[in-house]
Structures are given as C-alpha cells and as structure tokens.
Amino acid sequence: MPLMILLGVPLLAAIVLAFIGDRKFAPEINILGSAATFAAGIGLALEVYAHGPMLAAGNFFFVDAFNVYLSVLTSFVSMTTAIFSRRYMRKEREHGRIGHMRMRFYHAMFQLFIFAMLLCLLTNNVGVLWIAMELATLSTVLLVSLYRTPSAIEAAWKYFILCGVGIALALFGTVLLYFAAEKVLGEGGQALLWTNLSQVSGKLEPTVLSLAFVFLMVGYGTKVGLVPVHNWLPDAHSEGPTPISAVLSGLLLNVALYALVRCKVLIDGSTGTHHAGNIMMGFGLLSIIVAAFSLLRQKDIKRMFAYSSIEHMGIATFAFGLGGPIATFGALLHMLVHSLTKSSIFFTVGHASQMHRTQEMDKIKGLLKGNPLVGWGLMFGVMAIAGMPPFGVFTSEFLILTATIKDAPFLTPFLLLGFGVAFAALFKKVQPMIAGAAPSYQRNLKAAHIPVILHMALVLLIGIYMPAFLNQWFHKAVELLK
Amino acid sequence: MIIYPFIIEILQILIILAVAPAFAGWVKILKCWSQGRTSPGLFQPYRDIVKLFSKDVVLAENASWIFRFTPYLVFGATVLAGGIVPMLSVDLPLAATADVIALVALFAIARFFIALAGMDIGTAFGGMGSSREMTIASLAEPAMLMAIFTVSLASKSTSLSQMIQVIYSGQSVFRPSIAFALLAFILIALAETGRIPVDNPATHLELTMIHEAMILEYSGRHLALIEWAGMMKLFLFVMLGIAVFLPWGIAASGNLEAIPAAFLFMLLKLGIAGVCLVLIETGLAKMRLFRLTEFLGSAFLLATLGMLSYFILE
Amino acid sequence: MNINLVIQINSFLAAMILLTAFGMLVQRRMYGLIHLFAWQGIFLSVSTAIVGFVAGAHHLYISSILTLSLKVVLLPYILHVLIRRLKIHKEVETIVNVPMTMLIGIALVIFSYHLTAPIRELSTLMTRSTLAVALATVMLGLLMMITRKHAVTQIIGFLAMENGLFFAATSATYGMPLVVELGVALDILIAAFIFGIFFFHIHTTFDSLDVDQMARLKEED
Amino acid sequence: MTFSSIDIASYSILLLLITAISASLLNRSQKLLITIGFSLTTIASFLAVAAGAWTVGSNLTNKVILPAGLPDLLFHLRLDPLSGFFLTVIGLLSFFVSIYSIGYIKGFLGHRPVTSLIIFYCLFLAGMFMVVLADDALFFLISWEIMAAASYFLVMFEDEKIENRRAAFLYIIVAHVGAIAILLSFGIMAGLTTGFQGFSGYTFDAMRATKFPLGWATAAFLLAFFGFAAKAGVIPLHVWLPEAHPVAPSNISALMSGVMLKTAIYGIIRISFDLLKVFPWWWGAIVLVFGLVSAVMGVLYALMQHDLKRLLAYHSVENIGIILIGIGLSMIFTSFQMPLLAALALTAGLFHTMNHAMFKGLLFMGAGAVLHATHERNMEEMGGLIHKMPWTAALFLVGCISISALPPFNGFVSEWLTFQAFLLSPSLPSPLLNLLIPMGAALLALTGALAAACFVKAFGVTFLGHWRGHHNPNIKEADWPMRIGMLLSALTCLGLGILPTLFIDWMDALSEQLVGAKIASSATGLGWMWLTPIAHDRASYSGPIVFVGIMAVVVIAYVLLHSRPAAIHRVPIWDCGFEKINQRMQYNATSFSMPIRRIFGFLFSIKENVRLVSYLGNAVFPKRLHYHLRIRDLFWGWLYKPVVKASFWASRQVGRLQQGRIQVYLIYSFVTIIILLVFLR
C-alpha cells in the first residue's frame, strides 16, 4: 500500500501544482507533497526491512534492499530541496527572473521529475525503467532552460540531444536484452522483469548480453555523466535554477547508476567473466582523473560542483566495477553520502550566488562574514565532498581505496592522483570565497537553514556512527549485487 | 680513604686558579722574546687581575642583568670544567659528572652567554664579535666531535679518566688514528681559544678582534673575571689535550705518592706546550674570516681520516 | 502468404528504410528531408503490420497504427508548421561534404552487419536478417545529427534513430511488450512537443536555428 | 568506582568535546567564554597527563571499544605505554598553553570574535588525544584529519590576511596527501591481514598478529613514512610548516609546533616498531638520512629568517630531524638484534620529543607575548625588549638555552644521549654503516652549534640592544596567565635537564614494549644523580652536579667580590670612544647571519642586490644605500613549482575536451560506442 502512495502523491501533486503553481501557498503544497512522499517512502522501507524484498501490483513493481534505500534517499532529498526552493524561488521571483507561467511549470515539473525517478527505481520491468528514465530527462530539460538566457537554452538543448541519443542507445541495449531473455523466458512481458532475469541470468546468451551491456553502458553512462559522454552535465547542472541542479546532481545520477548496476549484475551472472566490471572501472577511473583536473579551471561555482559530481559518480562506478563485498559496500555508502552532501552544497551555493547576484567565483567573497550559515555550510560541505574524515564521504572512500589496493593495486596511483588534485582544486577555489572581508555589493538574505543543517548532520552521523539498520540494508544489497 | 679524592679535587681547582694566569704570562713572555721585545714578566696577569678587582665598575646605560650575570657564569662554568679534566690523578669525584662531550658543552654555554653579553649593549663591535664567534664555534663543533669520536673508538668510552686508564693499560701503543685526532684537536683548540690563526687575542683593532669585541664594554671586576676565565680556558684546553693524548705523567688511581711527581710532569708539559703555541703564533698570521672554513674544514678532514684509519687500519 | 514471400517483402521494406535513411543523410532541402522522414515512417509501419500479421503478434497492429499516426502524420505536420512559422530558410548545408558522409554511412552499414552476426545465428525469427538494417539506421541517424548544423535537421536525425530502434525491436523480438511500446511512443510524442517549444525559444533568443552559435559554454580559453 | 587509565583519557576527550559544543552558547560574553573555555581545556589536559603518566609509570595496557563507527568496524581505543607517553607529552604542553591562552586570547577581544577559535582549539586537542588512543585504521584516520581540519581553521583564524589563506591552503593540501598515503599503507596492511573477507583486517591487533611479506611490508612502511613525514615537516615535505606556524595565533603555533608534529612521530613509531615489527636495516637508514637532512637544512634555513615565528618553525623541522635520527638509529640497532642499544637510541629520540615539546612550546609562547606587546613579527623592528618585558625575556632565554642543547637544561641531555647512541654504532656488524654513521654524528654536532648561533641571534636581536622599530608603541609586560604558562614549561625544561634519570626510569616501560630491552637499570647505575647510558665507565653525565657546581662558584664569586662596596657608574656606551652611536648601527638578524649565509649560501636560492644613490652621481659620495635580500627555500623550485605547473598544464589539456559544439560531443559518444564494440568482438 505505501508503494501506491509513494508513486501516487507526486503524480497527484504534479497535476494539482500545474494549475495552482504560482499561488502564495504553492511552495507549501510542494513541500507537503514531497513530505508525504517521504513518509510513504519510510513506510515502504519499514515494510521491506520487516518482511524482506516484495513484489507488488502483479510483479509490476519490485522492491528490495538495493532500491528501497535509494527511493527513501530520493524522497528525502526532494523534500529538503522543496523546503529550500520555497525561499530560493521567492527570492528569484523578487529578482524578476521567473514569471507567473514558468513558476507553475516549475512546480509541476518538479513533482513529475520525482515521480519519474521513483518509478524508475521501483519498477520491475526493464522497459518501464527506460521509459521512466526518458520521462525524468524530458521533465528536467525545460527546467534547465527556465531562465531563457542564451546559455541556459544552449545547455538545455545539449542536455536534450545528448541524453536523447544516450537513452536511445540504452533502448537498443534493452531490445537486445529482451531478445536474449525471450529465448529463455518465452514471449510476453515476463522476459523483461528483473526478478525473472536475475533468476535465469546463468542461461542467457553471453555474446548477446555483452553486446547489450555495451549499449546499456554508453546509454545509461551518458545519464550518469561518465567522462567520454559527460559534456552535457556541467552545462545542465550550472544553468538551471539551483534546486533543480541540486536534485539533478544529487538524485538523477544515482538513479542512472542504479540502472547501470542492475544490468551489470545480469551480465556478470551470464558471462561469468569480469568484463562488465572492467569496463565500468575504466569509465570510472577516466571520470575521476578528467573531472579532477578540470576542477582546477572552473570560474563558475555551480559548474565546479557539477564536475565534482562527475568525479564522485566516477568513484561510485569504479567501486561497483571493482566488485567484492567491501568495494560494493563502499560504493552504496558513497552514493548515499554524495547525494546528501552535494545537494546541501548546492543549497549553500544557491544562497551564495543570490547574495552576490553572480555565479562567478572571483566575485563571491567573505561568505563567513556575510552570512555565517551559508559560509560554514559551504565550508563543511566542501570538506565533506573533498573526503575529509569526520564526514561519511571519507568512510566510503576509505573502504574503496583499501579494497582497490588489495584487488587492483596498480590502479591506486591514479585514484590517489584524482583525489589529491580534486581536493586541492576544491579548496583553492572555495577558500577565497569563504575567507576575507565581505564585499560591498553583497546583500545578506535569510537562508533556508533546515535543509543544510539536516544534510550535514546526517553525513556527519554516518561518518562517525553508522546506524545499524543502514548497515543491514547495505549488507543485504551487497549480497544481491554479488 | 674516601676523602682523599676530594682533597685532590680541591687541590686541582686551586692549581687551575693559580697556574692558569702563570701559563698565560709564560706564553706572553715567550712571544715577547721571540719578537725581540722585553716581556712584562711571568706574574703580569696576576697584577692585571688584582688591579681590575679593585677598580670600580663602569656600565653602559642600557646594560641588562645578562651583561652583569655573564662574567660570573663564565667563570663558574670554566672552574667546573677545570674540576672535571684530570690533571694530577685519575680518580676525581667530579670525573663522573661529565664526559668529553659534556665538557665541550660547558664551554659552549660560556660562549653562548659571552655572545649574548656582546649583543646586549647594542654596539656594532659587540654584534660583529658575537656573530663571528658563533660562526667559528659552529664550524669547529663537528670537527671537535669527530676528534672525540676517533679517540673514543680506541678506548670504547668518552669519559676522560677511563680513556687515561685504557692508555695506561698499554693497549693503544702508537696509533695513526690517535695521531690524526691530535692534529685535528690542535687546530680546533686554536679556534676555540681564539689564538692567532683564527683570532688575535692581543689586539683591540676593531676589525680583526673576535673574542675581544664581545667583552669590549666590560670593566672592573667583571673584566677581571672574564680575563681570568679566558686564561683558564686556554689552560684547560692544553690540559685536555695532554689528558687525552699524552697522559703519561698523571698519577694512576689509588697511588698518592705519584701526586707531586704528576705536578712536576704537568709543569714540564705546560712549558713545552707554551713553546709550541708561541711557535705556531709567530709562524702564522691571522687568517681572513672566510678562509677559516678551509682551516676548520681541514681539521674536520683530519679527524675523519683518523676515524677511517681506525676502521681500515686497526 | 507463405513465409518466404513475407520475408522477401520484409527485406524489401527494410531496404527501402535503409535507402530513406541514406537519402535523409544527404538531402539538402528541408521539405525534402521531412518527406523522406514520412516515407520512412510509412515503410516502418507497413513492415510492422506485416510482421504482426504473419507472426500472429496482434499487439503489433496497434504499434504500426501508432507509428503511422505519429511518424507519418503528426510529426511531419508539426515540422511543416514550424518551418513556415519560423521562416527557416530552405537550404540546409552539412559540415562534411556529401561523398565523405556516404562513405562513412556505408562503413557503418558493414560494421553493423558484422556486429549483428552472432544474433543472426541465434535468432529463429524470420525477421532476423533485418536486424543489421535496423542497427544501421540507428547509426545513420546518429551520423546525421553529427554532420548537420541546423537544429531541425538534428531533430530529424534523432527521430530517424528512434525509427531505427523501433524497427530493431520488431525485427529482433517481434516488438517489445505492449506497455513498453506505448511508453516509447508516448516519450517520442512528448519529445516532439519539447523540441517544438525549443525551436520557438532558440529562434527568439538566437534569431536563427544554427546550432553553431550555441557554443558559448566552453572551457577552452 | 575504579577508573582505568583509558577511562580518564576518554573523559578528558569528552570534556574537550563538550567544551567545543558549549562554547557556541556563550557567544555573547566573550571574556567569560575565554576564561571558562580555557580553564576547561586546562582540566582536560591535566586529566590526559594523569592518564598518560599512570599508564607509562605502571606499564598498563587497556583497551576500550566505542559503539561508534561502522557496525562491523567499531572504533577501538587502546592506551599502552607508547600512547601513554605521547598522551603525557601532548597533555603537558596543552596544559601549559591553555593557561597561557587565557591571557593571550584576551588580546583578540577587541577586534574579532573568538568563539570559533575556542571551538576549533578544543577539537584540535581532542583530535590529538584521539590519534594517540586510536587502535584501528578508520578511527586513526578520522582523528588524524579532525586534528588537521581543526588546525586548518585555526591557521585561517585571522583570515583577512592573504598569507594566512595561502598558508592554510598549502597546509591542508600537504596534510591531506599525507593522510591518503597513510590510508594506502593501512589498506595494504589490512588487505594482507584477512584478504578482505570482512572488516576485521582494519584493527591494529589484527595487523600486529600478521607476519607481512617483505615486499608488501616495505611498500606499507614507505607509504606510511611518506605520509607521516608530510605531517612532521621532514625536509622535502616541510614547505607548509614555515608558512602555517607563523601566521597561526601564537598559542596555536606553540601547540602545532610542539605536539602536533609529535603525533607524526608517534605514527612512525607505531607503524615501524609496533605493527610491522620485523624490518630490514635500510628502513632505519632511510629514517636516519631523512632525519639528518632535515636537521641540517632546518637549522640553516632557520638562521636565514628575520621573522621570529618563522625562525622557530624552521627549528621545529630541525628538532624533528633530531628525533628521527634517534628513531632511525634505534631501527638500525633493532634490525641487527641489539635490543639494549636500540633501547638507548629510542629513549634518546623520545626524550628529545618531550624536550622539544617543552622548549618549543615555551619559545612560541614567548614569541606570542612579544607579538602581543609589539604587534610585530619582524625581528628587524624589535630590540631592547628585556628592559620592558623582563619576565618574558628571562623565560625566552631559558627556552633559547634549552633548544641550543646547553648543559643545565633538557635540550643537552637528549642530544647527549643521541651522541652516545652514535658512539655505540661501531659495534654494528656491517662495515659500511660503521664508516657512514659517524658522519651523521658530525652533522648532528654541526646542527647543535648552528642552533646555538641561531638562538643567540634570535634572543640578542629581539631582546637586547636598543629598540630598532620606527614607531615605538608602549610595550607592556605579558599579563600573569601568560607568565605562568611560560614559567611552568621553563621549570619543566630545567627539571628534565637536571634530573633526567627520573624521567628515564619513568619511561622505561616504553622501550620494554617496543624493542624488548630496558635501559633504566644501566642508566642509573651510579645512583639517581648520574646518567650512565650503557655502562658507567663508558660515559656519564650528572645534571644536578653541573647545575649546583656552576651556581656554587657563581655565588661564591659574587659574595667574595661584593664584600667590599665598589660603586657601579652608569655611563653612555663606550664603543671605543665613538659618541654618535644610534640604534641603526646595531647588528640585526640579517647581518648576524651573514657569515653563515656566505659559507652555506649554495643551499638556498639567494637574490641579493645593492643599489647606491650618490651625490651628483659620483659613487665616492654615497647618499643612500638600498639593500634588498630575498632568500627562498630551494624546495619550492625543485618540488612544488613543477607539480603545480604540471597540474595546470593537464587541466588545460582536459579543458579542450569541453569545446562547446554539440556535434563534437555526439562524436565522443559515437566513437566510444564504436571502440567498445570493436574491443568486444
């Protein structure tokens, strides 16, 4: 039952907000909607925690340890983003950057986007997963071009075309997957269900599946933002309104990686070789190195954190590719803490750019003096994302690095290079923004402190004291993914 | 017979206080003769010290308590060092207090405070003297330690009385390493006590004096103490050389009769040492400051050669 | 209607799809491009109908009707309206000259044939030979997007790729399950509306639909 | 309710964390916040000292597992003599510095809120205590970087100055790279322990129990040594230290120089002696060589500085070098199975760790008092402070004497023990080592002497002579908490210098645990007054007798000379009859170190230019002389500039990937597909 609420509420909210999106109380409805989704998510999680993996609605939906924690994460971050967007969007309205019609469009598409992601996570059908992914992309394309500036439209166009091509390739991969599955599971919809596929993955035809995996890898890899096909990500995440960048960076990348990992499990089952893992490790490593070095050159604050998302997604993909209990545990933990930290950083970045009316990092100065919450929030956020220990990101990097030394020691220098350069670049850019005296053109504003404090507290908690149930989930998920 | 080492100790300290100025006088006499001048006599240093003790003290306005405390500390450290170096007999109660390295460190603290006193008044000469003194000391230190190292290789110990007993027990007849160490020690002693090739003790010529520049502002009893300590330091370095390299006159532990004989032997060796010192001083001229690096570098080289020869030859 | 006759018709239709794909690759005039796209839609829907009729997979009929309505009627109409409204000049120049594009196209066809060889042995379906053509159409659609400078032609390339995928679905597995087919069609419809809105925005902000102006977000300085 | 030593230690950490959290509540009344905050840290550090002293004294080892951390890898805490010793060192200096800070931080009251300083001060101390107690890789690294992050914010406390930000940035980068290296080394060790089936491999106990193959053990050791060397400021990786310590508030730089570097030493000892245990001799040789290079280069760079706190920072590099010499020698002796000699060398190294913490803390506190009074860090602008700040001058002098390794004070004892360890090296079987190690002894002697020269300069130029500054502010003596803080550490320096045997007896459990031999029995062979390292006839030194001897002679001479009343006349300076002396004619820091700069010039990159302004262009009649001297650390040019240039070059290449045209991006995905498909077939 909570599953129906979990999917129904965002859809309903999207429709409702489409009409009353610009009323005074519209942001409150938005928050209410995502809060209800979050509650439903927790309900579903408790159910799964109690009774283990479950199928619903005539095995159209499938919920197990792996996707339930992602759906709870998605609903939670969308709630906090809704809280943040209430104050952020009101300020944007004051600055006159968004009109009446576009505000309604924004709220509606926000909820539709959440619905699409949750559908993508929870569906049991590979085809429906593809459709949900396509829906998620389409719903955010117009959001990225909300401000109608030339660069926003350019970013949206590239996002639309590149992700469209990527997803089309993924469709071809799905077709091949279906072709191989049909031989074993027979006609009709049965051949596309994860549950059936995972049971029968041993008997699937290896050559076709590895061919399918290549297309799926490049297709969903484009959505995850892995390096050779990452070019849309920095533009899309830096041009859209900040709540959208936060949700894109925090959640959509996770969902795409979830789909990729599901396929990898199937392929490993059928081919029995580590090819799929090696390809993922290759993409992951390339992403870490290229993203780390490109961090050094950034001038726009949101663009820099978009590259940081590429780097962290590279780390997670690398870890999933590496396989083994500790690396997979580290990767799952990394997806969780990365989305929490990255969204919190985008909240503070949103406020910072509003305070200075620009996203140029050279013009943003003296945040600590100007608005302590934004200043300290950004500082701790960057420390967390750079992998400084008290925060959870370090724990996952710790596990992944130590696993790499054992299984693939010759790769550790590249990882070390990537981590070191990214750390140096982030601090080099952020420190001038934090320290120093506040410039004259800085306008202080009342920042949305709940989301930032909530996220950083959670990341700190995971870093220092990992709750037992979360650990349970990860271990169950690790069994699934082995 | 527990108390007799203490008697020897007191005797030794008295000897240092008495004989040091005489040795300085003796060196001055030899220099005057060798340069054809009539010498002011053996007891001139005593007369200087007594005169200075009776004079009033003239202090600069901004002299701090360090300036007034330094003479006493330098005097104290030198006297204590004197108590450690065995001159008459080997079993000295103070011998266990410090080995050779600690002895060098005692001289170092004296030098530290004199350098500070030099800078206390805030004149150019004081600063220059301290800077050069510390530079020379830091160049001499590694050579000194290498020499000690070489000597300690033979006797497996760095405490002076132990070294003498090992030499007495006849193991080390004539060794090349000890010879090299002796040469190095002589060069270092010249640098440490500020004799001719490194620093001119007799002059007040601003640009060449190093040790004198630091004690320029002293007067009265402070100057007396520092002069006396300077003489004792020269005397002690000679005694240290004798104790480590040619200890044959010193009485072995336990036999009391040999004490007077040891005293005579000591005077004899001092005479000879004075002659050698004067020969070196008249033979060489004062070196430019930056040529001292080769001078002390060669001392270090000699000491290292000594150490290598110990391992390779013996 | 014995089997090998159907196979011949099917492979004839596949050949026509491939031909239209090549045609679109090199077509210079905008209207010609849209007509070729429509023709490709027609061939696709006929081939789906035949496969559906022969293989007894009745859900394919719905898909072929959907394709017919969407890709032959609706999309070309939208494109016509846009071109007229936005007064897009008819001439469409390509970045790479025509012979070179043709050569690459042929290379892609050979490569996709080589690639789908294992699947052909495995597949027991009668339409297994057309899978290579489907993959080639996808590749050609991608090539078209790369070599064209005009936003509309890029979209047509994108839609040609979708056609290729749809054809691959029918030829590899007699079409995906219905719910997936409907979903894909729905997505393509939404995509169509979105690129319509986009054309309008791009035209108002850049007052031309040339993609090269949109190269401001770069880090090469 | 009996408290085990580890409970006391964890209570002290808890107290620090509570203070950190509660400090933000007292934000309004800053004065109250300072007094309460720092008195709480004083209590906490006292608890830590008590726990540490008790553990080492009675050779206890107890473990605690905290419920925090990953469920399968809970935080393990362990307090054995080694961590007890370092807990005492850190606790003792933080006890003194906390008292000192009560007075010092009041200086910031006027123009900057100090809440964030106190919060991070408590986190910094807590981090150091936790590092020393950690008993598994995860908790160790977490506390390691809490310490680094807290000190990063402390260095950035006065963040409006550009060099603060630059120093903080450089510091955090080197600290983090070091931490990753340590993480990799733990990864290797954990991997070899259990082959990664579960999380149990990360605990230190598991690592102790495993016998590591030589190849992997060497990789782990070298990585760990690189990581800890980056934090300790060993020569090639020391560049952050002279930047970060001067800009931090003085009480923080006292702690950073005094004890934070020691956590890196603790790390090296824990990894090499405790976890890896069996090691070849050339590991010790590497540590010894790096120690010697750091010692000599550190002191030479220090001599060239004219910024007081930068000079002290470079001296930390030198003293860390001396400690590493002790540890290196002890590793060499252990690898040749000579436990007694190894115990002596290790005791020398650890004794110097305690001494350095004491006198470096004292010197930085003194420098802080001077900075507090004159708002000036450049020695060329100071002089004659002894008249206005007698207490600070006297206590700073004690620090200078101790660091120059001069007899009555503690610096000499540890350097003397290190010399004894050197003198024992001929008993090593390998002939090559016998020839080379004495060279190390000579270098150590050179370092000691140069340190003495450097601190004559530092004390002389700052406190003696006339005031050199252009404007002369009214300089007040430091207030009483600062003086008490400095006095306590000065007394400890004297106490350790005079009674080393008591300290060596106390820390004997340490060498027992690490190298399996005790030297206390032989060290106090002749009784508590004499320190005789191996055998009494080998070498002996008596701290009390030297101190009492000198003082006795001084008192006797003073009394005898003052029996007759001789007047003291205060007259203007004699200076060979030259009247018009002014304060610019004094020797300052640059001129004092000129001879040594001329001799050792090849070790620095020196840019010296003299410009003469003369009357009517004739050089014979000079009007004004402009003299500019810039001394730069060579390692900037060799190591850091190339790395920075390479990374910017690489980022330019990567930037070309993002060209902006959509067709290019489509080509990327197209080519990726083709390549993957080709590889697949």
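Which chain is which? They are A, B, C and D, in the order written, and residues in each are numbered from 1.
The rule we apply is simple: contacts are C-beta pairs under 8 Å (C-beta built on N, C-alpha and C of every residue); 3 or more make two chains touch, one makes a residue touch a chain.
All figures in this text were calculated on a predicted structure; none of them were measured in a lab.
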item: Chain pair that, of all pairs, has the most C-beta pairs in contact; value: B-D
item: Distance between chain centroids, defined by C-alpha means - subunit A, subunit C (Å); value: 31
item: Cα-centroid distance, subunit C relative to subunit D, in whole angstrom; value: 70
item: For subunit A paired with subunit B, centre-to-centre distance based on mean C-alpha positions, whole Å; value: 78
item: Distance from subunit D to subunit A - Cα centre to Cα centre, in angstrom; value: 44
item: Sites on subunit B at which at least two other chains make contact; value: none
item: Subunit D, residues touching no fewer than two other chains; value: 655, 658, 662, 666, 677
item: Residues within subunit C bordering two or more other chains; value: 115, 142, 145, 154, 211, 214-217, 219
item: All pairs of touching chains, each written as two labels joined by a dash; value: A-C, A-D, B-D, C-D
item: List of subunit D residues in touch with subunit A within their complex; value: 67-72, 137-138, 141-146, 148-149, 156, 159-160, 164-165, 168-169, 172-173, 176-177, 179-181, 183-184, 186-188, 190-191, 195-199, 202, 647-648, 650-655, 657-658, 662, 664-666, 668-669, 671-673, 676-677, 680
item: Subunit A to subunit D touching residues, read off their complex; value: 157-158, 161-162, 165-166, 169, 210-211, 214-215, 217-218, 222, 228-229, 231-232, 234, 279, 290, 293-297, 324-326, 368, 383, 386-390, 394-395, 398, 401-407, 412, 416, 419-421, 423-425, 427-428, 431-432, 434-437, 463-466, 468, 471
item: Contact set on subunit A toward subunit C in their complex; value: 125, 127-128, 130-131, 134-135, 138, 141-142, 145, 148-151, 153-158, 160-161, 164-165, 168-169, 171-172, 174-176, 178-179, 182-183, 188-189, 192, 205, 207-208, 211, 234-235, 239, 294, 297-298
item: Interface residues, subunit D side, partner subunit B - complex; value: 383-384, 386-387, 390, 393, 397, 401, 404-408, 412, 416, 419-420, 422-423, 426, 431, 434-435, 438-439, 441-446, 448-450, 452-453, 456-457, 459-461, 463-466, 526, 530, 532, 536-542, 545-546, 549-554, 557-558, 561, 566-576, 581, 583, 585-587, 591-596, 598-599
item: Interface residues, subunit D side, partner subunit C - complex; value: 655-656, 658-663, 666-667, 670, 674, 677, 681
